[in-house]
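Dropping the structures in below, format is structure tokens.
Look for chain A in each of the two complexes below; its partner is chain B in the first and chain C in the second.
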Partner chain A sequence: MKRLAKALSAAFGADAKADGHREPVTFTVPVERFADAAKTLKESYAFLCAQWATDDTNSDRGYGIYACFRHGSEYIIVRASMSRDNPEFPSLVKHFVPAYRFERQIRSLMGVTPVGHPDERPWIKFEDWPEDSWPLRKSFDASKRMARHEGQYAWLGAEGEGVYEIPVGPVHAGIIEPGHFRFQAVGETIINLEERLGYVHKGIEKRFESMTWETAVKLAGRVSGDTTVAHSIAYCMALESMTHCHVPVRAQWQRALFLERERIANHIGDIGAICNDAAFAFMLYQCSRLKEAMLATNHRLFGHRFMMDKVIPGGVTVDIDVTAKKEILSELDFLDEDFNRLVRIYEESSSLEDRVRGTGILTSELARELCVVGVVARASGINVDCRVHNPFPPYDSIGIEAQVLIAGDVHARVWVRVVEIRASMSILRSILTKMPGGPIAVECSAPLPDTTGFAAVEGWRGEIIYWLQSGQIGQINRCMVRDPSSVNWLALEQAIKGNIVPDFPICNKSFNQSYSGHDL
Partner chain B sequence: MIRILRQILRTGIVTGRSPQVDDPNIKVKGIGLEDSVKRYFRRSLTVREVDAGSCNGCELEIHAINNPVYDCERLGIHFTASPRFADILLVTGPVSANMEIALKRTYDSVPSPKIVIACGDCACNGGIFGETYASLGGIDKVIPVNVYIPGCPPTPADILNGFYKIFL
Partner chain C sequence: MKSLHLIFIEILQVIIVIAVAPAFAGWVDMLKCWTQGRTSAGVLQPYRNIAKLFVKDVVLAGNASWIFRFTPYLVFGSAVVVGSVVPIISMNLFLAPSADIIVGIAIFASARFFMALAGMDIGTAFGGMGASREMMVASLTEPAILMAIFTVSLAGRSTSLLHIARSFTSGALVLRPSIVFAAIAFLLVVIAETGRIPVDNPSTHLELTMIHEAMILEYSGRHLALIEWGSMIRFFLFVTLGIACFLPWGIAVKDNVGDIAISVFFMVIKLCVVGGVLVIIETGLAKMRLFRLTEFLWAAFLMATLGVIAFFILE
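Up next, the complex of A and B:
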């Protein structure tokens, strides 16, 4: 038994029932001890990954509340049942900060009350929705438009001499997703930033429940368009874990190839955009040229610039032949050379350095408290990378390590990307030279009724988690999606404190979180 | 500095060198588009992009038409921060219920005559998100649309061709 499971069993005894058949191990605890379980796990240095609720009223089990924790490579899920008439659970906010948003969302969309949560304002659900509309409940009719109601969102305020407020969004000045930011500032210095997200809420989790297992992979690929490969892989792996489908090795290697190409393209684009926010437009154009080259190659070789819908349950849809292999390898040589020249220019530009160093610092302590993931976590000293800690082939054999820096500023987030691009290029080379032969897909049957599946995949932003549950007739009963943005957005609010207003764009870009992946 | 200049010289001009832009069909239209922008919009077609609930895929491709390979500015097309300066509203996404009001307000801020382009499958008909409590199922459910650009997401060449369609 691993560390977290052991700690929970020791503290709870007969109160925590482990279901060893499920992967990861799922403990059922009495609902009144739900927060105690979180406390026990926190004391064993666990991170909170996700928290969600299910509506099991159709099978007469009331509502379920779930929390997923991680420590190193160990994942553990703690669940509790709530009664149909009085669905409430003790809030985890006191022990884990990210529960702050998770629980507001659970209350808003499932109508389940976190007792002891300090903030009663809705999240994702806007003030003009009807009070009693909880979309994730089974009784909610998702096909109808909701009537609009009058309402007001209670913003946090700041008062005092010289304090002023800057509201930004939802329609921003650039070509970017919508969200609202409210800054309280004194002079140039930001004293508080409050985010308001939910503008791109498209009802994705509810939509999953009306789809079949095969078609839902398309929806997973559109949760966040820039991370389409990683989301598709995470969905497919969660489904495959339910059906015990053995994906051919070649297909897994090819998935890794898509994933690394997606990572390189997005990281290169990000580096260009971050520099552009420091008025270094040269880098934006150079980087977008390299990114464009990769996307054009994707289009030529795989039929889609972002490789959407190329990963399916049971495998992948396109194979790589000898010419494709040669083409990717020669493209890598060209990318490698040009990219290294650009990195050298980045390093030597003192005016750029002045903007990126010491800006938007997220300290290691905060990062740990906020349970951040991905590039943001690795730039703040947290060693977390699913490719290392929770690998699928070929990552288990290819020799890869997490790239961790400790400064936590914009430069650190740029540099983690730089190092990861280089690492991904060498991963791509190894994949191409060592890729085993064989089929690229097998049949993936539908899961049995009342089973669950789980997967965690390292997308370019960070760890993506899918948790699937099949219903009584084997349909999709619940699909929980946890994009890295769901946790990392909170960290931006903290990192920006004390910075000047004009540095917000560069800080925001260095985080580059998804609005769509967060709002679902 | 010397490295920057050297890199610029080494790179040369990359505009139009992508195989996708070299497609004769598109090139002809590209030239047509430039002439039309000159003639009807005094060489400058100003676009305000609004994300009304997209997955960010369309935004990436709209970014791509600004990159040096496609470089839409050479055709006179450029993106503005304010809808009040815009000739065209380029809208993506199925219109999420939470963006409906913001989209309407942005549309109202664009001076007449307004041209609206729906970019991507979701913007055309709701796409995979369909018509639900949270997704209204297409831009034309909220504001009038002049041109539709299908695709998930449409390629940069598709988007440039879509601009051409407003002159047809």
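Up next, the complex of A and C:
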């Protein structure tokens, strides 16, 4: 038994029933001890990865509340049941800060109350929806038009001599996704930033429940368009863990190939965009050129610029041949050379360095408190990388390590990306030279009724988690999607405090979180 | 007959200023594209932008006062007025004696004052933010630009642009330490005054980082066209002002067609070169953090002051 599971068993004894058949191990605790379980795990240095609720009223079990924790490579899920008439659970906010938004979301979309949560405002749900419309409940009919009523969002305010408020968005001057940011500032110094997201809420989690297991992978690939490969892989792996489907080795290597290409393309694009926010447009155009070259190659070799729908349950849909292999290798040489030249320019531009160093610092302590993941975490001294801690082949055999810096500023987030691009290039080379033969897909059986599946995959933004649950007739009963943005957006609010207003865009770009993946 | 001739030259100059300014802005943008490794939209792109804005409707905020509606005309008009007194193609400019260089700066300052008022007029957060930033920059650039001009006028023994340019071309002024200091200060100030990198980014879409653009964020249609055009003229004039003060060689002293043609030829070459210098600065630098601007502009002020001191000590 691993560390977290041991700690929970020791503290709870017979109160925590482990379901050892499932991976990760799922403990069921009495609902009134739900927060105690979190406290116990916190004392064992666990991170909170995700928190979600299920509606099991159709099978007469009321509602379920789940929390997923991680420590190193160990994941653990704690669940509790709530009665149908009184669905409430003790809030985890006191122990884990990210629960702040998870629980607001649970209350807004599932109508389950976190007792002791300090903030009763809705999250993602719009304020002009009727009080009792909870889209994730089974009784909610998604095909009907939502009734609207008057509603106002209660913003946090600040008062005092010289304090003023800057509302930005949701419609921005540039072509980016919608999100509202409200700054309280004194002069140019930001004393508080409040985010308001949810403008691209599409009801994706609800939509999953009306799809079949095979078609749902397409939806997973569209949760956040720029991370389509990682999301598809995470969904497929969660499904494969439910059905004990053994994916051929070559397909897994191929998935890693897609994943790393997606990572390189997006990281290069990010680096250019970050520099552009310091008005260093040269980097933007040069990085865009490299990114475009990769996307064009993707289109030529795999039939889609972003490799959408190339990963399916049981394998992948496209194979690479010898000429494709050669093409990727020669493209890597060209990318490598051009990219390193750009990195040298980045390093040697002192005016750029002045902007990125010391800006938007997310300290290690804060990053740990906020349980951030991905590039943001690794730039703040937190060693999390699913490819290292929970590898699927070929990551278990090609020897990679997490790239961790401690500064936590914009430069650190750029530099983690730079180092990861170089690492991903060498991963791609090893994949291409050592890729085993064999089939690229197998047929997977449908999941049995009433089972769950779980997967965590390192997308380019960070750890993506899928948790699937089948219903009584084997249909999709619940599909929980946890994009890295769901936790990292909160960190941006904290990192920006004390910075000046004109430095917000560059900080925001260095986080570059997905609105779509967060709003679902 | 003589005065008719002068009026003709004056009108010619005003037309040239209004007509050529967008081409100069286009030239700078074109060079910028090239240095970034892109193909450019060409020198004519600013004309197309202006034409496009003129055919679009004006969207006006419900609570906009006369200040908001009046400012675009003031901005454009003030730029044209200054354009009529800076000796660009000829020394015998009809209106040039009516205003010296300090008046020119003051006219620009009043346009800026109204622009800041217009920014705050609508009551949006960005307008106020941009206005406050613009005023901060202005409070630092204006002393520096005046100091730089004092140095030149000390050397030229007049604040009149005509006198300064004449004494330069007549060889009374050679390249001296005070003038070099003043020229450096003037270059730094022009970058700040015209809202270019590393002070401001004219092509940004990021509302929160804007200075000049934040003030005019609510403008549209012909209002925006006039402000943009006015800004292009302002940019062009600052560059020609610098050329008139620091590189006046080649300007027509007598008003015959041949001399004016030569003067226009030299002007084009000088503009192309100065545009190139600005672009190299812009491409090679990232935008400064807002509060670093004080250091940048103090450096300009220091340079200008050194110019004045150098004049008295060394010359």
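Just so we're on the same page, the second predicted complex is superposed on the first by the 520 of 520 C-alpha atoms of A that agree within 3 Å, B and C clash if a C-alpha of one lies under 4 Å from a C-alpha of the other, contacts with A are read in each partner's own complex, and residues count from 1 in each chain.
As a convention for this text, a contact is a pair of C-beta atoms (placed from the backbone, for glycine too) under 8 Å apart; a residue touches a chain by one contact, two chains touch by 3 or more.
Keep in mind it's a predicted model, so treat the numbers as computed, not measured.
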Return first, second, both or neither, reflecting whether A:135 touches chain B, chain C, both chains, or no partner chain. first
Which partner does A:504 reach: the first (chain B), the second (chain C), both, or neither? second
Figure out whether A:348 sits in contact with chain B (first) or chain C (second), or with both, or with neither. first
For A:77, using the defined touch cut-off, is the partner it touches chain B, chain C, both, or neither? Pick first, second, both or neither. neither
Which holds for A:480: it touches chain B only (first), chain C only (second), both, or neither? neither
Touching A:278 in the superposition: chain B (first), chain C (second), both, neither? second
Output check: A:173 vs chain B and chain C. Expected answer is one of first, second, both, neither. What do you get? both
Greater chain A contact set [chain C / chain B]: B
Could you tell me if A:515 is touching chain B, chain C, both of them or neither one (first, second, both, neither)? first
Report for A:300: first if it touches chain B alone, second if chain C alone, otherwise both or neither. first
Both partners, chain B and chain C, contact chain A at residues 173-175, 282, 285-286, 289
Give every residue of chain C touching chain A within the complex, in rising order. 32, 35-38, 125-126, 128-129, 197-198, 201, 203-209, 217, 283-292
In the complex, go through chain B and note every residue touching chain A. 3-4, 7-8, 11, 14, 18-20, 49-64, 66-70, 79, 81-83, 93-94, 96-99, 102, 106, 127-136, 152-153, 155
Residues of chain A touching chain C in the complex: 164-168, 172-175, 188, 275, 277-282, 285-286, 289, 349, 351-352, 354-355, 359, 500-505
Where on chain A is chain B touching in the complex? 126, 133, 135, 140-146, 170-171, 173-178, 198-204, 206-207, 218-219, 222-226, 228, 269, 282, 285-286, 288-289, 291-292, 295-296, 299-300, 305-306, 308, 341-342, 344-345, 348, 514-516, 519
